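Next up: the structures, one after another.
Below are two complexes that have chain A in common, paired first with chain B and then with chain C.
Here is the complex of A and B:
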């Protein structure tokens, strides 16, 4: 199966929505969080509807609109979203109001927006896309679950599907993960995220959308050829390597065939050791890139990595800001994204040049 | 509080409650209909305004007919608050 990426968009803590990210990467001066650089929403969303939308809904609608504007003649037959937290901030607000109003009648908007599929539903309404519509909330494997569903849709009778990965920072979620030691205790400059050895990482957010098609077009940026997930508590590097070998073998490939590995290292010494062991077995000629110093950690950050991969494959260049180790390969034919969380949720996404 | 002062206060509260970002109190005509015409509000906004009256002034609008009359304009809301508000 091949899913051609015919359009992409990304709203992130970098200037990715207007294309100036690679020339102007932003430095997040001494913080424990990374917030999205937001576009002017009124350019993408009806202002009357805008006033009732929460942050994550605005991110999703604007990012999907940017993606769809690049292919005005294409009408996606499905909207498939991955979101680890979905509209959790509205749910947090709504549950607080239940307490505040002593379980009497509540203001309706946080309740309306608190459903997990709100973003996908709003996209459908905004663009009048009346087909298949779903959101996968599968923790750190949410985007990959959406991607896998998109593959199935394209392998049946659909030609174009809109796939997205979206998550926002929320105060309650930050607090809960903070108790678990998931975030940095001391503020850090994001470009120094991988320096030193500290527990915790930066809390980020983002919204990436892709129009995937079963047909190649002149504007195809890259091609997604495979996605694989592994849920295994206390997994070892042997488990990961074995799973990767099987995954690559299904595509008649080995690690030697991969030109660029994009890894989800997040700067926390609690979980990064697995990436360190993974890197030791990457062929020396291959390139290695990191991306979470630019977007922070969030449950669908692999969609940021897929945006990076599609740009590298279409431009045939790897920006220095992403490069951890520059290999000797001249061309980028295949990219493998490896992301893992908590040492138990692992995902591989394989992309090829279109 | 005089009725005109109450109207100005209420306008600011409506703007905040309904997230009317581009509207200022001066843009709202106290006598213009709030729904369909005027600010062009809808049924969800009506629930939000009912809440505003309950939370800020302790006024419960339970009769649908009375609710329609009270929420007709900013002035009609202000007049009810002056009469019944806590």
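Here is the complex of A and C:
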């Protein structure tokens, strides 16, 4: 199965929505969080509707509009969203209202907008996309779940589908996970994220959208050829390597066939030890890239990595800002993205040159 | 050639019973589960609700677990339903390779909503509750108990969530990604959704009366249901209870919470699902409607049914939400189980609480239990955000 990436968009803590990121990466001076650089929303969203929208809905509507504008003749037959936390800010707002106002009559808007499928629904409504519409909310496997569904759609009867990975940062969520020791206690320059040994990482956010098609076009950036997830508490590096081997074998491939590994290292020693062991068995000639120093950690950050992978495969170059280890290979034929959370949820995405 | 997808087991907990057997006997006797709330703590207790008649301790015991403070009611309901489905299918040994697609809208809100502000404002003793907020928590815990490894996921599309989980599992099997899938949904009754529906002014003061002229809103409830789906070619000679023969998911793209008065979104999925099943509308013997008891849904869905089937040729239909209330994410799977019970017992369940026909509609729901040949059932689920889905469940 080949799912051609015919259009991409990314709103992130970098200047990715207008394309200047690869030449001008942003450095975040001493912080524990990374917020999206937002576009001018009224260029993409009706200004009247805009006022009632939460941050994540704005991110989703703008990012999906940027993605679709690049292919004005294509109307996606499906809208498939992966979002770990979905419409969290409205959910938090309404939860607080219930508690604070002692169940008196409350304003319904935050409740309405807290439905996990609000981003997908608003995209459908804004663009009158009346086809298949679904939202996956499954922690660090949300985007991969959406991607797997996109594959099924393209193997059924659809030609073009819109897939997105999106999560917003909220202050409540930051505090909750801060108690749990998830974030850096001391502010850090994001480019120094991988220096030293700390339990916490940077709290990030982002919205990446892709139009996937079962037909290659002149503008195809890359193609996604597989996605695989594993849920296994306390998994060891042997479990991970074995799972990867099985996955690659299904595509008649081995690790030697991968030119670039994009890994989800996040600068937390709780997470990164498994990546360290994983790197030891990557062939020396292959390239290794990281990305979370540029977007922070969030549950659908592998969609940021897929945006990176499609750029590398189409431009045939790996920017220094992403490179952890430069290999000897000249061409980029295949890229593997590996992201995992707490040694429990693991995901692989395999991409090839279009 | 796409593979056929069979149902080999199902499990359910709803306001009318904690297993398949008790749900079926309540459906036969016309006993509603709507009444005074016992477990959820809410100041809106002047409204009737529909709770699963079991405490968390009883649910944990039923699931064979020791109740832990991080076990949400949502998870306990889901695990109990899944275990019943697996037992019925007799497929315990297949669990590691079985896909698991669950769904919820409130996740572990039952644990967190009572201490949310305290939890956020740095009471470190509450940090064990953090993970239960996530939609994946219940499904991941289920997978930990049951042993599913790959293709474990959660869908969340408001009130059509578990219908979509069934659709995703069916497509995983028909496309060859998986041979077997455990699919369904679960929600517990929480203040968050009770107050949300109160804010929308659609809480029923009297108890849900679907398709009645004097219907006055939704009765929020809770529940869980899971189905074991298997590819035709791996079922062997084990018993098959039905087939997921058709399905459709579409977006109405009309309004964030309302359905269009003429039900275009509902009509689209009803027609597509029948077409996908390779059937004519005349081959549908029973429709288990979404029928929430709100002014808006029942008018819109009723008009869609009239348009899809024609008033004269309308098959028997009922909403079972007069029995169960509206268990939100679980509704689609709960009603899929009722559809399977209809097929396996050749019976149509009445639309209880119905008295006065709606002025705008010419079709009338079934009000008494009917014995009848049932080959194909249409089950509808509609959610916020125009998230419409329909299933066709058929006799094999």
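The rule we apply is simple: the second predicted complex is superposed on the first by the 354 of 354 C-alpha atoms of A that agree within 3 Å, B and C clash if a C-alpha of one lies under 4 Å from a C-alpha of the other, contacts with A are read in each partner's own complex, and residues count from 1 in each chain.
Simple rule for what comes next: a contact is a pair of C-beta atoms (placed from the backbone, for glycine too) under 8 Å apart; a residue touches a chain by one contact, two chains touch by 3 or more.
Fair warning: this is a prediction, and the values are worked out from it, not measured in the lab.
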Combined model on chain A: chain C and chain B, fit or clash: fit
Chain B versus chain C as contact partner of A:189, first or second or both or neither: neither
Touched partner set for A:277, first chain B, second chain C, both or neither: neither
Which partner, chain B or chain C, touches more chain A residues: C
Which superposed partner A:159 touches (first chain B, second chain C, both, neither): neither
Inter-chain angle, chain B to chain C through the CA centre of chain A, in degrees rounded to a multiple of 10: 70
Touching partner for A:137 - first (chain B), second (chain C), both, neither: second
First, second, both or neither for A:108, with chain B first and chain C second: both
Touching partner for A:51 - first (chain B), second (chain C), both, neither: first
Lowest inter-chain C-alpha distance for chain C and chain B in the superposed arrangement, angstrom: 10
Intersection of chain A interface sets (partners chain B, chain C): 105-108, 112
Parts of chain C lying in touch with chain A, wherever the complex brings them together: 42-44, 105, 109, 112-113, 116-117, 119-124, 126-127, 130, 133-136, 139-140, 143-144, 148-158, 164, 168, 171-172, 175, 177, 191-192, 195-196, 198-200, 249-257, 265, 268, 383-387
Residues on chain B engaged by chain A in the complex (per definition of touch): 18-22, 40, 44, 47-48, 50-51, 54
Residue numbers on chain A that touch chain B, as the complex places them: 47-48, 50-52, 105-109, 112
In the complex, chain A residues that touch chain C: 79, 84-86, 92, 94-100, 102-103, 105-108, 111-118, 120-122, 124-125, 128-139, 141-142, 145, 148-149, 152, 155-156, 172, 175-177, 179-180, 228-233, 345
